[in-house]
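Shared between the two complexes below is chain A, which pairs with chain B and chain C, respectively.
For the complex of A and B:
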């Protein structure tokens, strides 16, 4: 074998190990969702028994529905609010702008456990209380810094002179925004919405703290189900979610090149 | 097609005046150049006429009607930006059509007008391209077409040719001038390039430190600058300072020259107006003696920097046509002379 051959082979091995490390647990989980045995026993016997069980598991379904709904609404609200904030940061000079920009980052680095605790105390104290509304509020607050940073980066590619050119051509500020700025921002908005969706959908600690008894999101429900005793229904619902999110990512990646010119 | 008037407009950023009580009239159909160093306020003035900058004092009027409270999109202007600011997600045709499409013009009219504009800027058949597929010069034309399609009252150009290379720039200057003549549209353009200002403009305003230094036709300003700043900003100038006495100016070394009018101790003479001869001769008319410090040969002409006692440490510039094929070497004594009429009195 030549030295080049060895190098390519070594690189391939390294890549294979990395991919296996990342994806093998997920693949095993998906495969086991279709296995009849509840205890990961081999040989593999194909069966949809766990999906049927899932279809009748109201708690898990309700939790999935809650998670999906909260994540979608979080993505919508955080993206709109974040876009407005990013617009202000990109286009205007105002007092304490730098300070505000710096203040975006601590919520990203502070452990969620601490943020969750402080939110719980704050919501209790202000009378907001616990419930899906509180979870939604918490998720939007969590997602906002990510959204502002992602959209802010995209604003670098949308020169202010483009809006000015639209105005001189006779467009109203609203037309300039919808016909020029918005389409150019679109890749950033979609990336930001995905981020917000993921932050919310993944969120365990804050949801756990803010969920009153009887209400839960999918991660919270999975956690309590595992504590009571693992069932492969978890595999089934996880498999569905993985396929859904990967499909979504593929569609987005197909239509948008993140970061670059469209 | 409009007459544009700015009357005593100012813009302050903190204590700094970007524009300080500037008044100018841009005549109907005129090609007007705003020329000045960077930070002089020329761009602020252009953006004020466009409506992006609100004046702190004074007023802006189009055909006698005040527009300083009218928003940009209602002023009826067309503007070409320094970086062209073409919309990257729209085709060339959609870029050009933008001004009509936001006015909800009928599709057929838009198509017809876009076709006309593509003809006007010599880009027929390029409507389907994306801006990034075009060269710099072509993008420039698209930006011009986009600005003109709405038949604006005033065309504003912000360093329109700044990003092009020299050759293309000269071509575009000619073309821009032709289009402007054909449409007879009042055009105001900002530039820091003196040659561009001289070539394109019917009139020029030299702007310095937020104030108008001088306004006039290119030849007028070049041949009769009224200040040292204008003389040195537009072209090169040798500044002569000394003791005034009527039309006589006695320089530092005692040599006397005659100025084109009564002076206040300062006059300028342009380097290309100067004759240069070898050796020290008694001056006939205005003349000075000196030594060649540096000679820069550039084919058609030779630029001499001379050490002349009369101007102290400041080198005296002379541009000589290369008539003999020879260059006077550094160190050689020379005599320079020029017409009294070319000894232009200026204010400091």
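For the complex of A and C:
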């Protein structure tokens, strides 16, 4: 019993160290966002000056607005397109199914650097060009594979015979879908949409290559600020982003069990 | 027959939007980039490009390219190895020794930060590694940042595979007289190999393709293939060369995974 106790304590200590490593930089950065010194000097003096500076930084505000807007539209488009494809995979058997499912892997496994630069080349070559529309095109593509997988997993929990029962009972296919399948599918749809939102909101590499001068999303703006030199305003906006995405993740975790059954 | 045609039309209508989107944004661009990689100049703005293999031969003849590709590969090995080394015990303790609410809370705490912005997390290391620690803009700084970025992936995938191991198998090994070390080497480790393999895949590939982490944490020491490719597209505007280097990078990733897979598979077959 005491040996088991020591074992659990040892395991707890190790996991504590891992968590300390994972959270150390994040905590330091958030603390520095509230520090008055612009050069990150100690001793720590509490001040909201960087958050106030943020409120008047038009470039960062415009970039944040772009990021939010693109993430919302990405979530909407990817969820609808993904739901249609997931429906086909869940309810029909056809020859190309396996191929189509395998085709979902390249967009998420090929390094973003390569996907991003190839979009840049292609969009320039075809005249689609760079800009927010190009960034949106790219973000939806990155979110789609995840969305199809997440919704597909939920479809397995929706019994196809319920839909058939509705059809035999005289419902039109549209009614059967909207009244029976859709409500049962809802948790998967919400998880997928939040997932797509997070993928888009956090996406830097693709946006970086597709943003023309003067147009940017939040990560692109942060990157150029970091490259130009440190500014505590970036800490303030980073602290906000971290809190926002962690909050979002907690909501996703409620709808979608990660790591299987626990 | 009419029913079959109707079914085919339905499937087409359901899958076409998503896959046309992917074709336009991923598959066609990759094809066009492959075409660009064989050209002498970027065929835009009226310039006439000719077919050439120079962009690929340059990779082997110019030290800057193959040497940095080697550095990327090396970084991929180091980051993957360190992540597995740190993640395995964490996943094991979490899956087998810790139970109940504690397990759930720690698990959530581990995966939470990896959903926050990767760029922001990389940036946050500059606060820690600058003076007086004095590691910023060094090779170890890039290593630390990348291990930090990918450690949760490794813990997550290994945890899932350990979680799936039936505890009765472990008990059976013990009651048949296996020592704890034997039980681990002959039962637990082989059965958790799928998780280790997916971690390798999930970490190695993006690390080879990373450019933002080396740029932010490595400064002038960011000599890897990723930042060089980025430079060809963003500042040097030599798109054909950048395209060729991208495909070389893809080939390297594929070859490394193919070369490594028998080794890892043999381990998995020990069971």
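Rule of thumb we're sticking to: the second predicted complex is superposed on the first by the 245 of 262 C-alpha atoms of A that agree within 3 Å, B and C clash if a C-alpha of one lies under 4 Å from a C-alpha of the other, contacts with A are read in each partner's own complex, and residues count from 1 in each chain.
By definition in this document, a residue touches a chain if its C-beta (ideal position, glycine included) is under 8 Å from a C-beta of that chain, and two chains touch if they have at least 3 such contacts.
Keep in mind that this is a model prediction, so the values were computed, not measured.
On the superposed chain A, the positions of chain B and chain C stay apart, so the two partners fit side by side. Legend: residue contacts after superposition of the two complexes on their common chain; A:56 is shown touching neither chain B nor chain C. Of the two partner chains placed around the shared chain by superposition, chain B is the only one that A:161 touches, whereas chain C remains out of contact. Looking at the shared chain after the overlay, A:172 reaches chain B, while chain C stays out of its contact range. By the touch criterion defined above, A:99 lies against neither chain B nor chain C after alignment on the C-alpha atoms of chain A. In the superposition on chain A, contact of A:18 is made with chain C only, not with chain B. Greater residue coverage of chain A by touch, when chain B is weighed against chain C, goes to C. Here the apex is the CA centre of chain A, and the angle it makes with the centres of chain B and chain C after alignment on chain A is 90°, in steps of 10.
Contacts of A:85 after superposition: chain C is touched, whereas chain B is not reached.
After superposing the two complexes on chain A, the closest approach between C-alpha atoms of chain B and chain C comes to 7 Å.
With the contact threshold set out at the top, residues 262 of chain A are in contact with chain B in one structure and with chain C in the other.
Within the complex formed with chain C, the residues of chain A that make contact are 7-8, 11-12, 14-15, 18-19, 21-26, 28-29, 32, 40, 81-82, 84-85, 87-88, 92, 94, 100, 103-104, 106-107, 109-115, 117-125, 137-138, 140-141, 144, 148, 198, 201-202, 204-205, 208-209, 219, 222-223, 226-227, 230, 234-235, 238, 241-242, 245-246, 248-250, 252-253, 258-260, 262. Note for the complex: chain B touches chain A at residues 50-52, 71-74, 77-79, 81-83, 85-89, 98-99, 102-103, 132, 146-147, 150, 156. Contact residues on chain A toward chain B in their complex (touch as defined above): 159, 161-162, 164-173, 175, 179-180, 183-184, 261-262. Residues 7-8, 10-11, 13-15, 17-19, 21-22, 24-30, 32-33, 36, 43-44, 86, 89-90, 93-94, 97-98, 102-104, 106-113, 115-121, 123-128, 130, 148, 151-152, 155-156, 159-160, 163-164, 201, 205-206, 208-212, 215-216, 226, 229-230, 233-234, 239, 242-243, 246, 249-250, 253 of chain C are the ones touching chain A in the complex.
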